Amino acid sequence: MVVIMAPEATESDVEVIVEMVQGVGGKAFVSRGVSRTIVGLVGDVEEFGALNLRSRPGVLDVVRISVPYKLISREHHSARSVIEVGGVPIGPDHLTVIAGPCAVETPEQTLTAARMARAAGASLLRGGAFKPRTSPYAYQGLGEAGLKILADVRAETGLPVVTEVIDPAHVDMVASYADMLQVGTRNMQNFALLQAVGAATKPVLLKRGMSSTIQEWLMAAEYIAQRGNLDIVLCERGIRTFETATRNTLDISAVPVAQRLSHLPVIVDPSHSGGRRELVLPLTRAAIAAGADGLIIDIHPEPKMALCDGDQALVDSDLAEIARIGAELSALMGRVLTPAPDASPARVPSAL
Amino acid sequence: MVVIMAPEATESDVEVIVEMVQGVGGKAFVSRGVSRTIVGLVGDVEEFGALNLRSRPGVLDVVRISVPYKLISREHHSARSVIEVGGVPIGPDHLTVIAGPCAVETPEQTLTAARMARAAGASLLRGGAFKPRTSPYAYQGLGEAGLKILADVRAETGLPVVTEVIDPAHVDMVASYADMLQVGTRNMQNFALLQAVGAATKPVLLKRGMSSTIQEWLMAAEYIAQRGNLDIVLCERGIRTFETATRNTLDISAVPVAQRLSHLPVIVDPSHSGGRRELVLPLTRAAIAAGADGLIIDIHPEPKMALCDGDQALVDSDLAEIARIGAELSALMGRVLTPAPDASPARVPSAL
Amino acid sequence: MVVIMAPEATESDVEVIVEMVQGVGGKAFVSRGVSRTIVGLVGDVEEFGALNLRSRPGVLDVVRISVPYKLISREHHSARSVIEVGGVPIGPDHLTVIAGPCAVETPEQTLTAARMARAAGASLLRGGAFKPRTSPYAYQGLGEAGLKILADVRAETGLPVVTEVIDPAHVDMVASYADMLQVGTRNMQNFALLQAVGAATKPVLLKRGMSSTIQEWLMAAEYIAQRGNLDIVLCERGIRTFETATRNTLDISAVPVAQRLSHLPVIVDPSHSGGRRELVLPLTRAAIAAGADGLIIDIHPEPKMALCDGDQALVDSDLAEIARIGAELSALMGRVLTPAPDASPARVPSAL
Amino acid sequence: MVVIMAPEATESDVEVIVEMVQGVGGKAFVSRGVSRTIVGLVGDVEEFGALNLRSRPGVLDVVRISVPYKLISREHHSARSVIEVGGVPIGPDHLTVIAGPCAVETPEQTLTAARMARAAGASLLRGGAFKPRTSPYAYQGLGEAGLKILADVRAETGLPVVTEVIDPAHVDMVASYADMLQVGTRNMQNFALLQAVGAATKPVLLKRGMSSTIQEWLMAAEYIAQRGNLDIVLCERGIRTFETATRNTLDISAVPVAQRLSHLPVIVDPSHSGGRRELVLPLTRAAIAAGADGLIIDIHPEPKMALCDGDQALVDSDLAEIARIGAELSALMGRVLTPAPDASPARVPSAL
């Protein structure tokens, strides 16, 4: 059961609801999105019915929900959501491109990659400082030093930063640098991490587990929402199948399927799906045409020198084509390619 | 090793090559496509080298090939092929749409569906008379009576016919009615059937096995080519994965991957991939944007009454949108939506 | 709906039933097993009810069945079946081992392998004369010449022969040499072939499709049964998954699951599952312990020279261990290791 | 490169090695197992070669390793390891059974389940206090209160405790109650958690990720080993495939494959693999016969009332059969069924 608060509801309206629910032995989870506050109830539905919550101040509606995910479902929230990341929208009217290097390596590499990202039509910068790697002997990222580089490059280029967090204990620290917290494919069912980012004040990019069903993916988003953070963007990045010709199998159908089930935006990662540079352009086109709300693309100034996933990174000669595809196909899909924020010279730190 | 004959080569030029190869204990497989004749050699490569085949009359080139499929590879035949089906081209400059009912049920249902297919932008008619069904108690198709209906509807509408063959013993009979022979997903490694359609004089639509790798799919095409029939169109129709939200998982990456490895056209079946009507439009857009050379789409006048796969069939209200997508996205991809042949009144049989 | 005939029912009793069913527009499929005859009905169940078939001579019972497979289900035939192959039983009281070379290559290789099979505890000889190979350039088998070798080796060693058939048109010919017809994994949904072996008079070994569900496997067996041949043995041989450390993933759970759903015997192929010789022994032990009714194992006198699947073939030094495992684990499972038939000198042809 | 210390090596011998490695810009990871200390080196192999480490005091051997996992590989440590859990061995000479409830619910339920575990031949008690659940609305476990129940039941029954940890921040707390830390299937690539249990002083039970390859599983174990904890037991618990007849597909081949690649013990979870009570017995037999070093089995006094996975829990009537299988099949495999430790009345707290 879910209580949907009216736009004009006050904090104390919400508190009253929570206390009433707890008073009959239930639990109430308050989720605050940009455009709405929702209270999810867990406990005895009959007891809740007796509370007559619909008549309380600030309550817009009380709904019973039949799907296993509630807060992120379209069942009672049919309008698709817009999530803002450092002022940049991701949602049904835009095509928003996130681009950057798989891993932050140096200030120069990151700054160059950010400029390449702008040239490719991106309005958000991606880059990993904490890298979850299959081998303990592979490059694990720069850690907080990498986050500082990202913040400096944001100041220089104006692009808000999307970066991965892999440990619940790091969430606050990463959130202090980043504009959006990425939960990677291997952590999609790391419930401690989901709950931690659910308590954070920055939006979350939730990658689909490489062998998770769409329903499990939505349930993982529900974990985040249930802790109070409704600013979630879903990212399809390819699933594990028997096929070895590609790194993963891009499940292009997941875009329309997830969009029908959830009001959250859905973007696509064509770089990790195909795992090869020459597949990025066709998969990017397919993603936009399937209705994706955005893309997240690997870019690297010198892929051969990349410490991570160089095979799939786009290079200079690809950027104009990606930007052209983004603009032309967006128009055909009734969307606007999200413009990059202005680079504000005032924000440039002297050190860079 | 493969001998590529020149366009002006004569039959006797080819025979000379075959005899020379057999003379040193090898086997020679002659494949005649619309635009070229190729002789594939199996046996001792050193013996073949000593024959100096390159200097024989009518020989354009002799190549050694390193991939496991030879005749269909782009390694030594980089230009992508155009296959003609009853005069309708499938290849790199066109987007060719095949549409029609999953199963032929009655003359009226088939004729209505064919007219719907034209309205959707199709230039070829699909329809099954022999249906491979998981259950022996499911509808198995009308057999030869269904083929006659298809031939009548072709006469009425001008649309060449694509239909499935499931038994090697039926190939000649089916080929006498059809313009293109379809090999279904469950038969992709039915080697007796592949060899039989390889000996037929009609082009072949080879659906990917639902759990076949791209390499196995190309090897299956090679079986057909090796028997002399190079007029093959590959069809991606979704693979089997752990995901159950869709009937199959459309492997959209297979389109660019197969096109890089083989010169054969690659089309997509968005109906069997998603298995649900509402997914057909987004998957159709994705397929065209990924570079597919065509589509094969289920259409039915009354899906609720369909004897087979009604859930995924498009209906009247979808046709204009499919036609619009086909036209607009084709243009963006530098292709022409293949026009349907004229309906020739002279071909209409009085019986219909 | 299924009509189960009494043991004493005559042919004319069966014919009466068939005619009554056809008289109300239904279809009747007569299946004759070693121990029972069953008539499967397809059509209008209410019409059938009005026929009062239960009261006809020779009818033991008439049952309505709720699972999608009827004739092979345990729902109304709870006793597990015993199938006899050239006098050798496969069923719940025995552990029956089939062994031999993947492909018949020469008379000497086949005879040596058959003697190795006996030493390993086998009572049936396997060997392929028609090989379904992924590549058209791989060894395709000796064809009918290979069947003659198998028949000669049977005469020499007394071991009945299990061999694969890949073309419906070959079924009668192969059945004239073989004691059991094998349908391979790639043909599990080759419905024309299933129907052809369903009309044959020899028992059938039905391998599970490498990506078929257990339900699809049982439906394929139903195709065979529906055409009148109930002498079917199911064979689990590994399924296709994301794991590449083994050739296939042996689905050991399929043994108890299929045995609960169907009365047919279930055996295991540890050679194709693991694809590596060192895995054959542990997988053989696991199969017996899981309750398998038998095994089919690759053996080759000189695996390095094998034209097919040499990596997984057992060699001389493995045979005693396999025989020991078969004997000891059978006893623990309450089974008897099926003894090999006597080698009858009288049957030895002079030519060998 | 790995430095293997001699049994008599001192702490300062190890420190010398670490400092030498760091002195040339490398990293050294010290792993201390029950029977050996190993120092894994990451950095420039040529620099390390110049250090002539083999001649230093306390060094037994220096080896270069070609597989991607080093510390857990059998390449240079061919003897299979024995891991002790609260004094109970898991290794090549024993069959060790872990049993208990999926989730700790009450003291009574846990104590009853522990007594059932002993009756089933178990020598270790499992039970979850922190439950990773797909849905945020499902039962999440009792947390620390559950750990206290487990500790009380250990005192009462003498069975050491195996329990799951899901948050790196909880590792020390859980380790203060438990004898073995379980890392669940969804956390197999939660690298922050792997590193945390790698720094703990209790042995680790590492479940295979439900869609992880065997190589990825071994790499995850390497993460733990690299942080200094070599007391790791691997657990195969079924993988995700297209088959839906079972909850997961038990990859029985993974037992011999992992045992050949790694010196760590490998056990099997037949309960989560099949997901159904009637499959637990056949899968248990298969696991032992395939060579598993142990089992982990769900048991519940009242499965219908279980808060988690009741469908797969064994009940009273199954216990004697499991114990009999464990004893008889162990003997056949040359193993001893590990006896349960004595229940020490002195350890019973008055509170229970």
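All chains are identified by letter, namely A, B, C and D, in their written order; residue positions are counted from 1 within each chain.
In this section, contacts are C-beta pairs under 8 Å (C-beta built on N, C-alpha and C of every residue); 3 or more make two chains touch, one makes a residue touch a chain.
These numbers were taken from a predicted model, which means no experiment stands behind them.
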Third chains touching both subunit D and subunit A: B, C
Identity of the chain that, by mean CA position, is farthest from subunit D: B
Separation of subunit A from subunit B, taking each centre as the mean of its C-alpha atoms, in whole Å: 40
Centroid spacing, where centroids are CA-atom means, of subunit B and subunit D in whole angstrom: 52
Residue numbers of subunit D (touch at least two other chains): 211, 240-242, 244
Subunit A-touching residues of subunit C, taken from the complex the two chains share: 211, 240-242, 244
Parts of subunit B lying in touch with subunit C, wherever the complex brings them together: 42, 68-70, 132-137, 166-169, 186-187, 189-193, 210-211, 216, 219, 222-223, 226, 240
Of subunit D, residues touching subunit C in the complex: 211, 213-215, 239, 241-246, 249-257, 260, 273-274, 278-279, 282-283, 285-291, 328-329, 332
